[in-house]
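After this come two complexes, each holding chain A, first together with chain B and then together with chain C.
On to the complex of A and B.
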């Protein structure tokens, strides 16, 4: 028995409304200002460092993103921190906000399905995130051009562009998680706190905890086993996946993201950069992992939302 | 005027073992104002949500304008306007922008949109504040904005869930007037409420809900006859001899009771003030005062459920 009509009916209406809400909200203004200020500071520090240290680097432009100067962390580290914050800020009250404003049953009594409402909200959040990230990316490249005075090569542009896409996917994971909790918890404050708590756990505590767990659980006959185990565990955190992807993309000399035996290094020219496709291949599982995580979290939220009571 | 627009047969909603709505049957015909009355938690809102396809039906069927809300929700939702219990709007947007969002969700063509929104807002008296943020609106204004949404939609059926709860008497009276005008425009109206007396004045027929079941259904007069044995109570103060017998002979009077010196209470099927006055005067009596108490839903309701629980108590005792 099919239900009538398309599940996408009204999607664009919801999308446009949510996008305009996001772009005009005070919340986004504050988050945007925060991101621009901190990222600007990080890039400025990176430029100083680059000017002081090297002129010989073939990938000078990519250093803009990765180089840090005390006491500031690099631009990439800032993003790894701020993108989840922004994504959670965009999603934590997506559905429970409609419940609490008592608008949900009114909206759903119009001829649309819940699919359109949820997907429209997710797409609007992701687009807001993408718009901010693209603006930031262009800003950084512009500042780099102006300050370093060396135009980027095509490969540097391609690498940084793929980095931009991965950053958006990374934001997507946290957005999907925030929306999931906005469906599960009726109180927006609870949803925000739980999402932020999980984010802190996965970003700060889990990578530190993973080696200990691996050592406890796995046999230590071969010293490589706990090491690999720890890495597998750590990769359950989107932050680890993002960090590894960034490493492979923005450091062309990265040859592997896991431990390797010395025998595997035979014949390798240390420090020689890999071509772009090879770097992408190295980080491919991580990139797929981020996208898959987004989809899985969204689907869980979708299923719960379909079964949820509409009434306030 | 007897075309059925909403039909429910054995409509049931179970949550686990609990039955929120238990085998409800009713038919609502085009153009009437139907009241769904009963205490909070009696299953009114659940019944409404099932009619809109916003809640699964556990058993039984419901048809709205001939459509199945579960399988053909768009056909139902396009033709039915819903004003939820304490309706909410986006507070940061103006009344007009809120309606524009709904209008786009409904799919009202662009060229008609603004005119229909302006008409609807003018109709509910919100034209002056159309561009104010809804956050500044009082509860009564929000309810009216909800009605404006239904008007804009040009719905054939308006379902109003607790439209008057939390409103002051003046706002309630205004809202009830607007509901009457909906009926004039040919809209079938379904009102759910726990405030029996306020809603009674606008309803053509009512269904009394109790614990997920419809206890009574019919016009207020019918319910009055059924439960109170006569809907209207006429109080007469008169002096004269043999008035009691004369009054008992008036057509429509069920019983006459002497409640004090020269004070009589009639229970009748209709308003028999004119006939009773004539009877008193014809009998040579002096009529001092005559008044009528229309059957109140509240009285009917309380009497019915007191009766029920008394019977229940007896059965328990036995």
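On to the complex of A and C.
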């Protein structure tokens, strides 16, 4: 049966309700506190490290995000770990929760389409994520200004802002994945476990497994071929994509993310920072991968959701 | 027969001088000898006259020596073996060296005095009249001769002149050296085979000495002929000589970007034109200036035009360097060197080229996201239901 009218009708209602639910939920409160505490600790450690060792650095402010001090990892490492956790926490019971509470048919009996329901839930999750990330980003910059006392340059601000957008896109991938599994599995616990399992596999095991697979599958006549193959395989993990993007954006002297031949380095001026557009160009495939991955995962979830039988 | 004749001839040739040497001089008697029997002496000085008492074919005997005709106030002493002697005894066909020391008082009148030396023995007697002229001291006289007075070279070479200084006076002189060159020319005197710089050199009486004059022109000097006057002086004698250096101009090249800029932007795999300015800061025109460049491997660096016919001194020309980074160049800064050369003169400059990668992939990425969004819109349209 074809639909009449706009599919977006009711989107704003769902979005606002979901957003307010997220922001007031105890789950979100705990996740937010966790993120703020750990990230704050990492930034504090980074500031101590910068004060101790940093001499002249044209991108001192960006070091806030990347410098680490034992025993804490750096701010970006924390984010790479906590953003998926937060996104999964926001999305793992998006649809099956409604099922289990028997509220889905009630909502759909309102003049709200399924499209609007799913879009609204996804956008609300993403907005929650974005709000907390922006707050965290402002917090870090504020602490940095107060502690280092060096105002950031426009270039540093642009780089860290693009980094913020990429972090939100990275969260979007995991949110879309979590919503997909919440559609597929009726039990919220199963969906959470599967999503978390996939997240652990892609983040921890897959990057370690990729070189072995590449070595097995690809001919080893040219040593560069398995190396490139391993990198291509590793890039199926959103964590790898995020890590590479962060490297290109926050380390302006990064000139390439793949393996390069020595002949390409001949005559190159080492350590010279790249202009922002070039850094973005280097990380562009990764950024595109994150954004497109989010959309594709969402579309798969959408299609499955549209074809599902909803019974009260 | 023939070889016997040659042998006889060569025997004769060998023997003939021996016979001549053995032959005693056909002289007999006792002689008092000196190289210069008439000498000039300055008043107030001591003169030494070398003498020889020669015995030819006479039996040795004791000879009493005496000097007569010594003017009052003068002291004449005969010396033998460093001591005053009064008698000598030369063997047959042998001689005894003697010295006559003359102390002439300061106030002795000018004129010629004749002193007579006598060696008198029981059977033989020898006399020698000596003319001693009192004369004023000879004036100091110097001559200065450059060996090669005109040299040619570029403004960067140094010019070395060999100068002979001759002391034509009767005593040793300390000769001071000076050279007058155009402004900013550097002149130094050195020994002929040495590096020690000199301002004066001692020259023995009647002897000559070679010194070297090194002239270093300033590198900015223009082409032309420059004279240098060398002047040597000792006491009241001076001598001058003219040497000249002909400087041929030298081109000097300098290479830089427009307004001194040494950096440029380029895209990987795309030819970029960089304006390059070649300046001749030298003193002669640079001709056939060839331009070349080298970048990292796989880069192409060419010039338009490849050669410049002529750049006048203190003029410049602009050329275009066409730089094509390799397709595989990664983004960031690379070093490329460019050089201009004209007959031995060359200039080198490194340029920093910031390589940007093609934005084609960026557009492709946007396209991929667009496709993903289209799929979403399609899914919404296709699967959308109430």
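Convention: the second predicted complex is superposed on the first by the 309 of 312 C-alpha atoms of A that agree within 3 Å, B and C clash if a C-alpha of one lies under 4 Å from a C-alpha of the other, contacts with A are read in each partner's own complex, and residues count from 1 in each chain.
One rule holds in what follows: contacts are C-beta pairs under 8 Å (C-beta built on N, C-alpha and C of every residue); 3 or more make two chains touch, one makes a residue touch a chain.
Because the structure is predicted, anything quoted here is derived from the model rather than measured.
**Student:** Sticking to the clash and touch definitions up top, decide whether chain B and chain C on chain A clash or fit.
**Tutor:** Once chain A is superposed (C-alpha atoms), there is room for both chain B and chain C without a clash.
**Student:** Check the residue A:107 against both partner chains and state whether it touches chain B (first), chain C (second), both, or neither.
**Tutor:** first
**Student:** Is it chain B or chain C that touches the larger share of residues in chain A?
**Tutor:** C
**Student:** Quick check for you: in the superposed arrangement, does A:296 touch first (chain B), second (chain C), both or neither?
**Tutor:** second
**Student:** To the nearest 10 degrees, give me the chain B-chain A-chain C angle using C-alpha centres.
**Tutor:** 170
**Student:** Output check: A:9 vs chain B and chain C. Expected answer is one of first, second, both, neither. What do you get?
**Tutor:** After superposing on A, A:9 lies in contact with chain B but is clear of chain C.
**Student:** Applying the touch criterion given at the start, work out whether A:115 contacts chain B, chain C, both or neither, answering first, second, both or neither.
**Tutor:** second
**Student:** Would you sort A:281 into first (chain B), second (chain C), both or neither based on which partner it touches?
**Tutor:** After superposition on chain A, A:281 lies in contact with chain C alone.
**Student:** What's the minimum Cα gap, in whole angstrom, linking chain B and chain C in the superposed view?
**Tutor:** It comes out at 5 Å between the closest C-alpha atoms.
**Student:** Which chain A residues lie in the overlap of the chain B contact set and the chain C contact set?
**Tutor:** In chain A, positions 1-4, 113 sit in both the chain B and chain C interfaces.
**Student:** Where on chain B is chain A touching in the complex?
**Tutor:** By the definition above, chain B touches chain A via 45, 49, 52, 54-55, 70-75, 77-78, 80-92, 101-102, 104-107, 146, 149.
**Student:** Give every residue of chain A touching chain C within the complex, in rising order.
**Tutor:** Checking each residue of chain A against chain C gives 1-4, 7, 113-115, 255-256, 260-261, 263-264, 266-269, 272, 274-275, 277-278, 281-282, 284-285, 287-288, 291-292, 295-296, 298-299, 302-303, 306-307.
**Student:** Which of the residues in chain A end up touching chain B in this complex?
**Tutor:** Answer in residue numbers: 1-5, 9-10, 13-14, 17, 21, 101-103, 105-113, 309-312.
**Student:** For chain C, which residues count as touching chain A in their complex?
**Tutor:** Residues 295-299, 326, 328-336, 352, 354, 356-357, 359, 361-362, 365-366, 368-369, 371-373, 375-376, 379-380, 383-386.
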